[in-house]
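Here subunit A shows up in two complexes: once beside subunit B, once beside subunit C.
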Partner chain A sequence: MSEEERIKAYNKYVKAKIPKTRPFPTLFNSFWVGGLICLIGQGINDLLLYLVPNLSEQAAWSYTLIILIFIAAFLTGIGVYDKIGRFAGGGTIVPITGFSNSITSPSIEFKHEGIIYGICVKMFTIAGPIIVFGVVSSAFVGLIYYIIGLFM
Partner chain B sequence: MKCGTIKFKKQPKIIGAYSIVGPKEGQGNFKDYFDYIMKNDLFGEKTYEKAERKMIENAITGAIQKAKLSIKDINVLVAGDLLNQIISSSYAARAFNFPYLGVYGACSTIAESIAVASILVDGGYFENVVCCTGSHFSTAERQYRFPLELGNQRPPVSQWTVTGAGSCVLSLNGKGPRVTMATFGKVIDWGVVDVNNMGAAMAPAAMDTLLSHFKNSKTTPDDYDLIVTGDLGKLGSEMLIDLMEDKGVKLGVNYGDCGQMYYRRDQQTLCGGSGCGCSATVLNSYIMRKLQDGQYKRVLFMPTGALLSTTATQQGESIPGVCHAIVIEGDEG
Partner chain C sequence: MEMFLDYLWVFLIGGFICMLGEVLIITTNMTSARILVTFVLVGVFLEAIGVFDYISAFAGAGINVPIIGFGASLTKGTISAVESQGLLGVFTGCLTSTAGGISAAIIFGFIFALIFSSHTKK
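Up next is the complex of A and B:
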């Protein structure tokens, strides 16, 4: 057997051997926890509109997001969010709370390396790519929107 | 002389062994054998890196004390760990007034350091040599993986880095189990790229070292009371059994893996323990005790190491593995 064939055969063997993640419980947990977070968000939004009648809908959304981000950052700080995340997986990563967690957790982790080289540099190690893709894709969509507007 | 397995003529003895582990490890399967169990992961320090260093310092002092020697009797320290530039060992060595040899073999470091120390002692160049390695879950996580508080899920093949340090003193004088043989391993890479699946990356290295050890020393698996790998984990050790069977060697009930045995099932470590501390603490607690009791006469101890770095894997490199084997025999008579 040549070196290349052996590597191929071994990797095939390894792939067959590794335990698979069980899809049903994983997806189910991420579905209901993720849904619950969205429900809480909607609840906060409705409550804000109810308590402050002359608040615009746009402003209420912003306040809701800020509150959700704060809650997630707080739960990360007291060491609870990672436990929920281990249980719920994608359900806690996809909502904005997951984004908050991805910024807060490296900031806590690297605080001993100092404010500049620790917190500020490492803060975006996980969220960085998300921000870059968000900005680039929104610029791209904006460009398409502008071009379409020229012919309408 | 042909390159292969070293057979020590004077057979250096392990006259003192000491292990120190974290609280999670202190609830695992070997909890009754450790010398010291830390109450929390920080060990009274400000950062986890400092805690790891303190663990190594304490392990070295503990082993010297258990060997009934004092610091000034020690001629050289052979140590290593997982952090970049092996800082934990080097900074720990700063606290002691003896020369220091830093070694790195990832999770196989303890076998590498004992083999090197045995050569130094057997050759008559040094009288008393200390070996030490350690690892810390929190420092390894942040170097190799993600921040601790990030809410991600661990893949089913992943392993849990052991928080702990193990140390032992080798000498020709005194009483204790003897190091009789050592086989240094080749770096083997069979193209595994999944950084979570270290067991699969290291199993071929273990197979290679095991085969060459059996061939060079003219022994078979039945000649050992225990053949133990370091941190192949649940999956990797099964792979080693399969690989060996393909080569016509059957590993039976006397084969085990420290990582697989380390934690209880309900501790949620998935494929088991890993890290320098995994094999080092099991060797310097459980295995040493059993050798001293006479329950084991001859142990083949062969931890494996995955020689990766985050830079290399991010550049698409596969994970090379290495495995060093040492044979430890119980007290004569």
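Up next is the complex of A and C:
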């Protein structure tokens, strides 16, 4: 068998082995689970603004996100978040809770490799690219903004 | 009634954004890291062209809770830091505005990793 044929056969094998997700139920599930997570976020935000009257809007958002991150990290710890994730796909990845999950989940998974090389290194396997891309692109936007400001 | 409508918008827009993520998974087989990076870049872009605040005004958590809000917050912080500190703001702004979220994720992630063990390998 030539190299090319072998690759083709392998790809065919992989395709046959990938668990089939029926698109419509998962789309629907990701919609309502994702919507629900956002709804919970709005609820926490409104509750905070109601309970602490002199809280600024920005501070309330920060607290809301931190609370959501806490809940997601906890649910990941007890193994519930991944179960919801299998059911809802994008609904659990796209919200900020997915970011929290992407940090907690590999940390727990690689805990047995030790605190430094397990938890601390693997913590950023998914979050690292997000932070790098986010920081670099927004610094780029900031630089353009600064240069435009020089001429205005 | 008005409050109900506000919450309905949050649900519909938040759900729609998450569904777009799922569409990307199904059509392109992207991994979650790539999807999150894509959505952060969308947020950076929306904030850079000044559209994000208009969406945020009626979508609330529907756009702030998805990771798009994280990207927008990075850029918002950078722009306001550039306004107050000039060139230095390019470097200090983005992580200042998102410090709460990133630190919270690291702190809780670390603590829960110490407490809990893997559930998948039973």
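To be clear about the criterion, the second predicted complex is superposed on the first by the 129 of 152 C-alpha atoms of A that agree within 3 Å, B and C clash if a C-alpha of one lies under 4 Å from a C-alpha of the other, contacts with A are read in each partner's own complex, and residues count from 1 in each chain.
Operating definition for what follows: a residue touches a chain if its C-beta (ideal position, glycine included) is under 8 Å from a C-beta of that chain, and two chains touch if they have at least 3 such contacts.
A quick note: this is a predicted structure, and the numbers were derived from the prediction, not measured.
> So in the superposed three-chain picture, is A:98 touching just subunit B, just subunit C, both, or none of them (first/second/both/neither)?
both
> Determine, under the contact definition given at the top, whether A:17 touches first (subunit B), second (subunit C), both, or neither.
Only subunit B; A:17 stays clear of subunit C.
> Scan A:81 for contacts with subunit B and subunit C and give back first, second, both or neither.
first
> For A:7, decide between first (touching subunit B), second (touching subunit C), both and neither.
The first partner, subunit B, only.
> Of the two partner chains, subunit B (first) and subunit C (second), which one does A:49 touch, if any: first, second, both, or neither?
neither
> Given the touch rule stated above, what does A:121 touch, subunit B (first), subunit C (second), both, or neither?
A:121 contacts neither subunit B nor subunit C.
> I'd like to know which partner A:73 touches here: subunit B for first, subunit C for second, both or neither.
second
> Is it subunit B or subunit C that touches the larger share of residues in subunit A?
Of subunit B and subunit C, C contacts more residues of subunit A.
> Look at A:39 in the shared chain and tell me whether it touches subunit B only, subunit C only, both, or neither; answer first, second, both or neither.
Touch status of A:39: second partner only.
> First (subunit B), second (subunit C), both or neither: which does A:109 touch?
both
> Overlap the subunit B and subunit C contact sets on subunit A and report the shared residues.
Touching subunit B and subunit C on subunit A: residues 21, 26, 76-77, 79, 82, 89, 93, 98, 102, 104, 108-109, 112, 126.
> Could you please specify the touching residues of subunit C with respect to subunit A in the complex?
6-7, 10-26, 32-33, 35-37, 39-41, 44, 47-48, 60-62, 64-67, 69-71, 74-75, 77-79, 81-83, 86-87, 89-91, 93-95, 98, 100-102, 104-106, 108-120
> Report the residues of subunit B in contact with subunit A in the complex, numbered from low to high.
Residues of subunit B touching subunit A: 46-47, 142, 146-157, 190-192, 197, 200, 204, 235, 238-239, 242.
> Can you list the residues on subunit A that touch subunit C in the complex?
Touching subunit C from subunit A are residues 21, 23, 26-27, 30-39, 41-42, 45, 61-62, 64-66, 68-70, 73-74, 76-79, 82, 89-91, 93-100, 102-104, 107-109, 111-112, 115, 119-120, 123, 125-127, 129-131, 133-135, 137-139, 141-143, 145-146, 149.
> Which subunit A residues qualify as touching subunit B in the complex?
Going by the criterion above, the answer is residues 6-8, 10-11, 13-14, 17-21, 26, 76-77, 79, 81-86, 88-89, 92-93, 98, 101-102, 104-106, 108-110, 112, 126.
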